Amino acid sequence: MTSTGFWFIDHLWLVPLLPFLGFLVVGLFVQKSGERPASSLAILAIGASMVLSWGAGWEYFTANLGRTLVPLKFEWLRFSPTLIGNMGVLVDNISVLLILVVTTISFLIHVYSQGYMHGDPGYPRFFACLNLFTFSMLGLVLSFSILQIFIFWELVGVSSFLLIGFYWNKPSAVAACKKAFIVTRFADLGFLLGLLVIGYYGKGFDFIYLTSPETIKNLEQTRLPLLGVSVLPLSAILVYAGAAGKSAMFPLHIWLPDAMEGPTPVSALIHAATMVVAGVYLVARLFPLYAATEAGLMTVMVIGAFTSLFAAVIATTQFDIKRVLAFSTLSQLGYMMLSLGVATMDNPLGFTASMFHLTTHACFKALLFLGAGSVIHAVHSNDMRDMGGLRRPLPITHATFLIACLAIAGVPPLSGFFSKDEILAAAWNGEHYVVFAVAMLVAGLTAFYMFRLYFMTFWSYPKDMHRFEHAHESPLSMTFPLMVLAVPSVFLGLVPFSHYVSIGQLEHHGVSIGHLEHHGINWWIAGPASAMGLAGIALAFLLYFHPNGVPGKIAFAFGPLHKLVYNKFYVDELYLFFTKSVIFRFISAPFAWFDRHLVDGSMDWIAQTTLLAGNKVRSSVTGRLQTYLFWSISGAVILGAIVWQIGGTVGWTLAFTGLGLVAMMFIWQFVLQLLNRSEPLKRIKQD
Amino acid sequence: MMANVFFYILAAFILYSALFVVSAHNLFRSAIGLIAVLLGVAGMYLLMDAQFLSAVQIMVYVGGIVVLIVFVVLLVADVTEKTFQKADRWRKLSAGFVLAVFFGITVWALDSHSFTSASQNAQAASVKDYGRALLSTEKEGFILPFEVISLVLVAALIGAITIAGQTQAPVNGQKELP
Amino acid sequence: MIGPTLSQYLVFSALLFCFGLYGMLTRRNLIAMLMSVELILNAAALNFVAFHHFLYEGDVGGAVFPVFIIAVAAAESAIALAIIIALFRHKNQLDVQDADSLKN
Amino acid sequence: MSAPTTDTKAKSPTYQDYFINMGPQHPSTHGVLRMIVKLSGETVLGLTPHLGYVHRGIEKMTEAQTAVQITHLTDRLDYLSAHMNNWAWSMTVEQALGIAVPERAEYLRVIMSELTRIASHQLWWGVFGMDLGAFTPFLYGFRDREMINDIFEKSCGSRLTMNYICPGGVTQDVTGEFEGETRRFVEYFKPIIEEYETLVSGNVIIQERTKGVGILPADRAKAYGCTGPVLRASGVDYDLRKNHPYGVYPRFDFRTAVSPEGDSWARYIVRLEEMRQSLKIITQALDQMPKEGPVRTKLPPTLKIPKGRYMARGETARGEIAFFLVGNDSPKPYRVKIRTPCFSNLSAFPEIIKGWRVADIVTVLSTFDVVVPDIDR
Amino acid sequence: MNNFIYKTDSMVEWLTNWLQQHLHNPLLVEIVKMLVGAGVLAGFVSVLAMVLIYIERKVAAHMQQRLGPMRVGPHGIFQTVADSIKLLTKECITPQDVDRFVFNLAPLVCFVAAFVSLSFIPFAPRIQAVNFNVGILFILGISSLGVFGILAAGWASNNKWSLLGAMRAGAQIISYELSAVLALLAILIFAGTLDFKEIVESQRNGWWIWRAHGIGIVAFLIYTIASTAECNRTPFDIVEGESELTAGFHTEYSAIKFAMFFLAEFINVFLVCAISATVFFGGWMPFHIGDMTALNGIFDLVPPFVWFFGKVFALVFVVMWFRWTFPRLRVDQLMRFEWKYLMPLALINLGVGAVLAAYGGFFFNKF
């Protein structure tokens, strides 16, 4: 362990460990002792972890800014003398940022869950799983090597699986968690391949080593022996597959909307604020590697931009409140990816913008989800068509929700405005004008669907009077996190973010921090963006503030298109079709036939032959001790005779006598069996 | 001379008792025969200057194992083999024949081998020698088998208790008397 | 004084061994078979002692083995009797010919 | 009662059922009592007492005897409580005929009864020791009982079946030595009880054998109609001498020995305490007894029992004895029903013995202190 | 002390010479010698048993404030003789459905086991029928054969009470034998031998009960309790338990067969007390106190066999004292006592003894 001289940073390994202990204690020992001990312990663990991480953050951002610290490092696996898998704690600006985000949001969501999950039979299990997730996520963030990150990556997947399938007796939840697991596993396969490729050719797993220019140069020059492709773009894209899976980028996005089957705090924590940004984080972590290859960056950018637009379009048509938010998350994640994609080593504004947006998004999206949870808690329904006019029964929720909506829509003084503006600026600066246009469009769409959601839920008029009458404000444990989260949603944009977060090891690339700073707002970009946002809000106001037939009419007018969008472009169905009709029918079925008829068949044949033979032979096996004993003794006698005097006349005589004797006994036994045959049959009949 | 006489008397006694063991229809009588055999064998040990073995034989075998067997004989209801079908004559004859052949081979083998004594005029083993041999960790020592045997015994005892100890506790008023 | 020779002992123990085996083969009661096993074990132990006495008197190994045999016999009979009792509880009889649940 | 079958094979195929006959000839049944015991190993699964081996038909015999003659029969019920039996019968007859009893006779009755009680308990104490395997207490008990028997022999000429208390008083006055001897006995016996305690009560084995063994709960005891020390050892404070006093018992200061546990040990200490209390009563009775006076009311030559139903009860050493007499204006009773304590006490026995060992049958039966002729009548 | 060693050797020598002169056949001489030895021992046994029975009666009587046998001979001395004659001449009743062979064998087994065991006891220097280097082990082994006699008697009687008694006997004797052996082993570790003669010799300078650092006292107590149980004496006489099982295993026996059981029981009492006296109290060794030669010399004047029998009868008296004082334990209490208290105690005692012997250098047989 190398001491950095800073207490909190030195003890940063405690940050993931505490939630893990919490998980162990809550999961193993307080399962039966009610709600209060479980939630208290879990919150205690995560709270302590949060305090530690804030301490570390303070230490880092005041004293060590821009440095990469390794407070803990040990050798875990030695594949070969040169290829060593290390584990440890890596501290640089993005990991510190992420642990701040993760612990804080996680803590708030723990507090929120206390109220939200009240009365649920799986209450302690829920908190145990939340703790496990927090542990995994923090471990992921603090990972020192790509191997370690992979381990925590999978742990995150497992805890996500557990939490999505929390209502395990609900078939849709089970299906959702399976889907999430399978899709992310599938993506992780790419990650695994990528990391193996990197590790094999780069001869190391440590991030610091991998992102150093020497290694990147080395990787660039290496070519795969078989395909003749350069290792770098291939590994970058493979690793990006994993990141895309976790961050639900376009072809692998299908699990995220379904994952909303889990409890709402889970959606807020995992599928909005933390886990899904793991992909973004991974790309950011390996950014120098991506920056070195055009193909990698292009992939990140294009897929990000497409996902962002694609999800935003879908979100405009959905009615499930959580689904809208889920697609919104998709869209925003695409935004972040896009931002990473437009950044380069020379022009790393996109990187900072991505991280900035990640942070602000974590705040307001968590706030949105928690608000949605509060709404669901109040009306016991997910469907926006059942809601309406909820601003009066849920004043706090309404206020915080509005703040979040404004933030995500990019209305000027709020946090979303700044981060989004930075992304747009980055795209503009990177001269990716198409992407810039797409991002602009998405900004407008975002504002539109968010306010569609907001108006349908809180304004309009109550459609379901029964639910409306029973709706009431959530308890303090739920509204408190809302209020807390509303504060950064408003003010986070004012933080000079780029001062704190930028690409690590800048010195290597000869870029001074000063270049990066996003001085003020470029109103040529920010103005239209804000205008787009306001336009979206206005459109939503027109269509949804008062209930009218216009949305229906529009939907009718665009008939097939609306249907296409409403059904999420039939991506799920495509997958299903592909797996069922193509893979199952044309690949699996022949294999199955072969397996059943040729492989199994041969075994069956052998078994049947043996059975037949056995049936013939088994009459000599009486199951009686003394018979066996007799045979063994007879055999011993014969062997004894033969071994003793292999050549002598006497020996042979004796041996043959014994052999004859055995033969006689065998025949006798056989005859006996033949005579007694009816008896076992009778017994079988009796049984 | 004396020893020879004793040997033949003992041998006859043991063999007669052994016959008793294997042929008596009453298990209890078999057990008596077994005791006689064991005592006779203890006598043979004495003839061969193995007093300690003789004492152990009587103490453990007669005093422990056979009493255990007798206990079980008393515990299980059918002491006599009356209820059993008689072991069929074929079985007996064939067994007798095989064993006769076996015995013939053994005797012939013994006869055709001349034993030469490795050490002459040595002292008979005393109890101390046994102790040293059993607990010695040297090359000639038997500490490992000794420990293994101890373990086996413990395991056997625990096993026996678990197997045999699963008895239904008598319940008050389980079944009314006639 | 002319004592019995080694061969006498060996032949005698062989005979005892055969008696034991005969009991094993012909007795139908499990306890009786157990007793026959004891005969066999005794014959073996007798051989050990005889060899020890006549051939390797200085070496105590041959004399130690009967001790082991006795210990093993104790363990064996304890287990066997426990099984017998369990079997008797289960089947209410001890005929080894009927204890053929493993048949076929 | 149908003949019990002990054929285990026919009835129950399981090998655990093991029936043995305890009695009719058995050292610890104190008479010809037969108990069929069902065992599993040494544990008692069930027990059925079979009675009638000394059945003499006393209740029927009474119908051919006069009231005074019947007194002789009552001696033969519980031969260790002969005086008390006599007394209870005499009270029945006195109730029927309205006979008053002289004062001195009342005191004599009390003294004799209490002496009998002590003698009975002494014998029981010895036998109890013997039942538990200690032979020595038996002889100690008999040593001391001898003195009481001597007193009886001198006062009424007989040692076991005294026939001393009769309708109208007692048969004859005691000799002059009586009071002195009785006082001497009381003085002698007081420390002897402590000796009994040291000899038997303090013994760990005795306590192990009796404490917690054969617990008879108070409600079961009442349900079965148990009386006497057996009932009082279950914590029921019921003594006829206190609760429904007869004779001159109200004039004495004594305590009912009660112990709440209901186990064999409780029955043991209750009896020891009763001996102490009896000594106390005897001392008081000797002090209060008129030195002179008639001991028997003059009775008509033939006692015709008037038509009607009469009943009297008395507390014997084993519990409550009751005589129920139906008269029909003739010298011989129409019907006499005797409620004997041992019969009721024994009826509780099969229930509480279940689950205990063979040796506990002996212990518990011994502490029940049954006298078989009293059961069989 | 050597003055008082009785010259049994010379007697044996004389007998051998005489026999050799008259018989000429060495085999026959050996056999006759054996028979003579057996006869002497048998005579000793019968006299011993009678004496013990007489003592028991008298002890019992005086403990129970009575006189005991007083009629036959002075103080009833010949009462036992008369009883034996009665027992030997009575009709031998064999119930109808018993297993005759086993029924008749059982008392013999009991008797022979007790009788044979007696031959290992050193009554005085060189007065010992057989000397083995593992004598004590032999005694323990052979006396455990007596269990078998009891089991056989109980089973063969075809009486349920007898069988119950026999089962109790088996369980009890096997259990208590463990404690007895363990208690003896604790001392044998100190003595360093299994030979009775050497055990006695090892106590030349003091008896083991004093010298074994307290181990001896504990072992003696354990052995006394366990051996009392092994002899089926009160408070461990549940085998006979006359108030429970009428008479236990010998319910169906009468006359001489009963007498054999009876005899065996008394010889067993004598035997365990003799072992106890030998192992704990130095056998025939006189009482010596360290260096007090004068006192020791006075003690040496007492003949060894007087020492031996004095010790044995003192112990026998203690056993009888138990019998006439204690009630009987219940069978489960009996087993609990053995397995939960006595045997662990004996094991601990043995362990402590072993440690003491190993680190205290207590092998006194090296003189």
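Every chain is named by a letter (A, B, C, D and E) in the order it is written, and numbering of its residues begins at 1.
Throughout what follows, a contact is a pair of C-beta atoms (placed from the backbone, for glycine too) under 8 Å apart; a residue touches a chain by one contact, two chains touch by 3 or more.
Quick caveat: nothing in here was measured; it's all calculated off a predicted structure.
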Starting at chain C, what is the smallest number of hops through touching chains needed to reach chain E?
2
Outermost chain relative to chain C, judged by CA means, is A
Most remote chain relative to chain D, going by C-alpha centroids?
A
Contact-richer chain pair (by C-beta pairs counted) among B-C and B-E:
B-C
Length of the line joining the C-alpha centres of chain B and chain C, rounded to whole Å
5
Between chain B and chain E, centroid-to-centroid distance (C-alpha), Å
27
When the centre of a chain is set as the mean of its C-alpha atoms, what distance in Å lies between chain A and chain E?
84
What is the distance, in whole Å, between the centres of chain A and chain C, each centre taken as the mean of its C-alpha atoms?
68
Junction residues of chain B, two or more chains touched:
1-2, 52, 56-57, 64, 66, 71, 73, 76-77, 91, 95, 99, 102
Each of the following residues of chain A touches two or more other chains, namely 626, 630, 633
Among all residues of chain C, which ones touch two or more of the remaining chains?
21, 25-26, 88-89, 92, 97
Could you pull out which chain B residues touch chain C in their complex?
1-4, 7, 11, 14-15, 18-19, 21-22, 27, 30-31, 33-34, 37-38, 41, 44-45, 47-50, 52-53, 56-57, 60-61, 64-66, 68-69, 71-73, 75-78, 81, 83-85, 87, 91-92, 95-96, 99-100, 102-103, 106-107, 110-111, 115-120, 122-125, 129-130, 132-134, 140, 142, 145-146, 149, 152-153, 155-157, 159-164, 166-167
Residues on chain B engaged by chain E in the complex (per definition of touch):
1-2, 5, 26, 28-29, 32, 35, 39, 51-52, 54-59, 62-64, 66-67, 70-71, 73-74, 79, 126-127
Which residues of chain E touch chain D in the complex?
60, 63-66, 160-161, 164, 168, 234-235, 237-238, 241-246, 324-333
How about chain E: which of its residues touch chain B in the complex?
26-27, 30, 99, 101-102, 105, 132-134, 137-138, 140-142, 144-145, 147-148, 151-152, 155-156, 163, 166-167, 170-171, 174, 177, 193-194
Complex contact set, residues of chain C against chain B:
1-4, 6-12, 14-16, 18-23, 25-29, 31-32, 34-36, 38-39, 42, 45-46, 49-50, 52-61, 63-64, 66-68, 70-79, 81-86, 88-89, 92-95, 97
